[in-house]
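What follows is a set of structures to go through.
Shared between the two complexes below is chain A, which pairs with chain B and chain C, respectively.
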Partner chain A sequence: MSKKKINQDRVGYVMIAPYYIFMIVFILLPILINIFLSFTDYNLNTMTFVGLKNYTRMLQDPILKRSIVNTLLYSVVTLVLNMGLGLLISILVLRTGKALGVIRTIVFLPYVISMASASMIWLWIYEPGYGLLNSIITFFGGVSQDWVYDVELAMGCIILVTVWKFVGYNMVIYTSGIMNVPAQLYEAAMIDGANVWRQFQYITWPMLRPITFFLMITGFINNFNVFEQVSILTGGGPVNSTTTLMHQIYIRGFVDYQFGYASAITVLMMIVVSIVTALNFRYGSQGQNTDLS
Partner chain B sequence: MKKILALLLCLSMTVSVLAGCGGSNAPAEMPAADTTAESEEPAAEVEAPAEEASGEKTDVLVWLFSADNMQSYVDSGFVDRVNAAFPEYNVKVEVISGTAADMETQYNAAKMSGAVPDAMYVALTTFASFGTRGEWLKLDDYMNGWEGMDDVMESTLNMCKLSDGYYGIGMAPAPSVFVYRTDMFEAAGLDPEAPPTNWEELADYAQKLTIKDAQGNITQGGLDIPSIDTYLNVMAPFMRMNGALVVDEAAQEPLLTDPKVIDTLEYIYDLYSKGVSLPHDWQKAETVPFLNGTSAMSFMNLDQYVKLIKEKEELKDVVRLASPVGNEAVASFCGYRMMTIPADSKNPDAAWDVIDFIMSKEEMQIRVENQGVIPVRESLTPVYESLNPEIGDKVMETVAVGKGAFIVPWVSTLYKYYGPAHEAIMQGVKTPAEAMEEAQQSILAEIG
Partner chain C sequence: MLNRKTNVVILVLLLVLSLVMLVPFMVMISTALKSMDEIYTRGGILHFFIPDTIHWENFIDAFRFGGANWLKYFWNSLFVTVVTILISLCINSTAGYAFSRLNFRGRDTLFFASLVGMMIPPQATIVPVFFILRHFPFAGGNNILGQGGTGFINTHFALIAPYLAGAYGVFLFRQHFLNFPKSLDDAATVDGLSKFGIFIRIYLPLSKPIFATLMTTKAIQCWNDYTWPLIVTSSEEMRTLQVALVLFKDSVATQWNYLMAVTCIIILPLLILFFVAQKSFVEGIVSSGIKG
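So, the complex of A and B:
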């Protein structure tokens, strides 16, 4: 290797060093510390090495099992609704033409509100006594509901808040994807007699696969980290019907001060997210090589 | 030249990243109002060794949190008074905004960075949960010779003990009072001068005060029964009214399967299932029906009552305090705010001197007169009652029969399993006996 090439490499390494140092210190190191803590019984004061005790305890923890089921249910339903509605609204919005900007702004607006604020707004909407939802229902002579206090409805209430907040983001991404589909493909399809559904099936959907893949990965990871709306709206109740993995990590760590056990749950969560992401990369990215030539 | 510039730029970025990661001797950053005798001093000096910071003086850092109008108390010249009383100290006070939970978060951050205060004002729940994991200094040596021991209420002193002695000193009770609406009583044909005093009357009144529309929707609740009461703020007093201990603090044992606990929950569920209350979470004030004007009777923090009357003056003649309710016994919830000395305090002796000053009769009288704080010294009870003629006697009655959080190391485990069990009962998913049996077993399995 020439001297000039070696010098160029050194400069390159130095230039990327800040990012890698940042990543090592703030991402890699905390992950390693977290893995180490998962083998201890740490309460901020004392630390005892307990081997695999935290991991075996997870197998017998009914609340944790419930939180895993809740997290998966929430993640899948929210992901499907967000992506499905986002795509549907983007198609409808593009077809309305003139109102595009206005509708897009209205649907996107909740995305810019913080989740804590959004949850407080919905706490008022769901309030059984004077909340907006029950006021509307009783105005039309209906029977009011307990919403977030009802074990059957609480998870649905949380999912609705998330969909309300994030559907606009999915819509915007899908809209930009649809607008980037070459118009000549649709023209050719129309000449061949393809109806709207066929155009969507054979042109729009295949062309949106990279975007769908991106939204799926990021959406799943976001959904798996759900915490704020759970903490504010239900606190994980009623009867643990809305507690999630992230909520359990918070409770075990910062309420019970069982940082070792909380770290073990974090490791479990990291493994699950990694597996799902790997599966998505393996199978979800197929068909991204659409040939337009 | 370009390469040199690029290298310099990268180096400076690397250094700044590393600087950000490195340890610091500066105290943990806090959203706090820093009130010091010399407030123009840079914040970093709070952490500096005493001799370096202020000559011969010893720095004493005190954390208060914003409950009980503590900011107003500090603003009234407390720092000047304490520094005048102890010229050898440089007392600095930080009033942490937010709740007791925020205070815990701040404390944890300070502990991790080695910047804990020398004395600290904490809620009873924090005192219990942190104390049982060794955060507070044992105060027996200080308290044995303390003049206040003869004047401070016995119930207050009992709250200051952990397993083997005193670890804090109760500074202000935080009772949960029984409140009712006289206008709703009159509308229901009930005598507003005679609120319920026992369970039978309470159930009868709750049903008479409930109003529903044609569809059966509750438009006015008779009595607030929380569907979520994770911390037993409402339920534990009811259980104690029925003669139950709930937790045997001496034996460190949960007693959720005690028949008296089950009876209590059956009584409560019976009332709830008759639709006398809108569902709500007792911890979330914005969901409490009484505070929203949709309920006739409730148990609420005195702070919430004071705030309600302050915000809605028209309710001053309508909302009244009643004596605590009883069944086998009279009981109420009464939290406390305590002064503690963290075990990691750098100047515990000086911290005790400051606590002694804060707990003195003169300073307590200032808080009673100016901040409306309930005194824990018996000699000041008449002062409080004379300053609060409408509520003073009811508040003191409530404090006298009040008990706060359970002082056991596994209190968070108790809450973790009691909360969902209570919710399951209120939802009709489980009977009280089933729910309490399951909670009891789960607690025992976890605490070993």
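So, the complex of A and C:
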């Protein structure tokens, strides 16, 4: 490390400037502005300071409480299904041989399309009158359901679409992780007579720990921000049974024009995301330090 | 390894799974080709996947329905996606080069500080980013305090700008450039190239895979996004495909064949890109996943 000015490449500041300006204006500054807005009443035209009013209102908002419960339920169930199925599929595909790239491509395909298009297709599948799901059920003599219009089933419908769309992503990440486990470990295990389950238990699973942790953290944060499928499939209904935090932010802000209150909910979300991220820093680097480049 | 019998069971299981994953795609295509009369007749389950008579004209009629200006929406989506990709490639590759190969004070501090941006999911900041764009000084009739006009709301700039922020691309390029041997720089310096010249003449031509990876990642992000265009645009002039699709659903009501035909066309560009550049797609995901 030389402190001589001769070695300084001033052009470096110019080269990082555009990147840094966008970073500051659209990521760092918004966090500060959001905190500021949460202490105001702002409706696009007028702005007044209201102190902690938005926060006290949050404590008494039954729909917000409902949305928190919904968001947590959605996040946890989606996370478990996505990661569990993703891991299972990646193991099964790898076990049967590497010629199964086609299956991997098919499982990954829904990840490529937009959530809006996916929602359109599933709305038609869920359609109570002539949709695929009810047609199959009545064909086998079952009772038709109202799916996204049913208070009990709507959240399940949203979760199913999300798992269909993202299980391939989890599979791809897990597959790359498993392929990076040194083959000698399995060879040694087989010589010692370890069966498939033991190999998974003592080699694959521990070696995948960092990846599992990564998928858990990022998956939770992404699920916690769920909005598009909720907005399109159910609009938060029926009777708020599927509304989520992000959906509440959208409704309060961009439908009701109560941006101060929407910002206060955003602050709540950012706190949760920060805690999860902090956990990531605290525990994320423990265990195997795998580099999968 | 496993015996043959278990292998066959697993294989059958995986085939069933792939079929289930494909069902929504098959439903979409077959419905797009059916007449409404056929959609509303009950038949077996196979009836769902194979149309009796194929109505190609649905693909034309759907886009004529209700006087929607699909060419405009298509152009908006394409414009936003292409411009985002081009600008992202420029600003991320230059910054990645500076962070990995140039010496300037505070370089590493600046780099790691900017990684904080990777932690905040973009959806979480929609309210303040909207606020910033609306009250941007001197934009869209605003005064110096950012009041009086609509700022950047309802412009292409507002659609694109937030997509340009983010540390992922810089991270990718920096990682890539760090693997280059230092002697390459020294040789180029001897030949009289400036630092910037080295970047343009040597580093960029050797970075095509990273360009492809970042391109596919950004393409998915921009083309598929629904939330941000929904919030930041209000006029039909600025509407993007995803927002138009959801609005179309309300206007066609129960014309499922038209809705599915439009959905087919909207997802087609990315499906093509995926099959052409499958390797870059997967690399983008794995690198964002593991190294992020």
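Here, the second predicted complex is superposed on the first by the 264 of 293 C-alpha atoms of A that agree within 3 Å, B and C clash if a C-alpha of one lies under 4 Å from a C-alpha of the other, contacts with A are read in each partner's own complex, and residues count from 1 in each chain.
Please note the rule applied: a contact is a pair of C-beta atoms (placed from the backbone, for glycine too) under 8 Å apart; a residue touches a chain by one contact, two chains touch by 3 or more.
For clarity, every value in this text was computed on a predicted model and none was experimentally measured.
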- request: Using the superposition on chain A, decide if chain B and chain C clash or fit.
  value: clash
- prompt: A:N195 contacts which: chain B (first), chain C (second), both, neither?
  reply: neither
Task: Using the superposition on chain A described above, determine whether A:E127 touches chain B (first), chain C (second), both, or neither.
output: both
- request: Kindly classify A:S144 by the partners it touches after superposition: chain B alone (first), chain C alone (second), both, or neither?
  value: first
Chain B versus chain C as contact partner of A:F254, first or second or both or neither: both
Query: For A:T56, is the partner it touches chain B (first), chain C (second), both, or none of the two (neither)?
result: neither
Task: Based on the superposed arrangement, let me know which partner A:I31 touches: chain B (first), chain C (second), both, or neither?
output: second
- prompt: Is it chain B or chain C that touches the larger share of residues in chain A?
  reply: C
Query: Regarding the shared-chain residue A:T48, is it in contact with chain B (first), chain C (second), both, or neither?
result: neither
- request: May I ask you to decide whether A:P18 touches chain B, chain C, both, or neither, giving the answer as first, second, both or neither?
  value: both
Field: Residues of chain A that lie at the interface with chain B and also at the interface with chain C
entry: 7, 11, 15, 18, 22, 25-26, 44, 123-124, 127, 130, 254
Field: Residues of chain A that touch chain C when the two form their complex
entry: 7-13, 15-16, 18-20, 22-23, 25-31, 33-34, 37, 42, 44, 89, 92-93, 95-96, 100, 102-103, 105-125, 127, 130, 132, 135-136, 139, 164, 168-169, 172-173, 176-177, 196, 211, 214-215, 218, 221-222, 225, 227-228, 232, 246, 249-250, 253-254, 259, 262-263, 266, 269-270, 273-274, 277, 290-293
Message: Under the stated contact criterion, what part of chain B meets chain A in this complex?
response: 3, 6-7, 10-11, 13-14, 17-18, 21, 105, 108, 111-112, 129, 133-135, 213, 215-218, 221, 227-228, 230, 278-281, 283-284, 286-287, 289, 292, 294, 412-413, 416, 419-420, 423-424, 426-427, 429, 442
Statement: In the complex, the residues of chain C that touch chain A are 1-2, 7, 10-11, 13-15, 17-18, 21-25, 27-28, 31, 39-40, 42, 44-45, 48, 90-92, 94-95, 97-99, 102-105, 107, 110, 114, 116-117, 119-121, 123-132, 134, 161-162, 164-167, 170, 175, 194-196, 199, 220, 223-227, 231, 242-243, 245-246, 249, 256, 259-260, 263, 266-267, 270-271, 274, 278, 281-282, 285-287, 289-292
Message: Quick check: in the complex, which residue numbers of chain A touch chain B?
response: 7, 11, 14-15, 17-18, 21-22, 25-26, 43-46, 62-63, 123-124, 127-130, 134, 138, 141-144, 146, 149-151, 235, 237-240, 251, 254-257
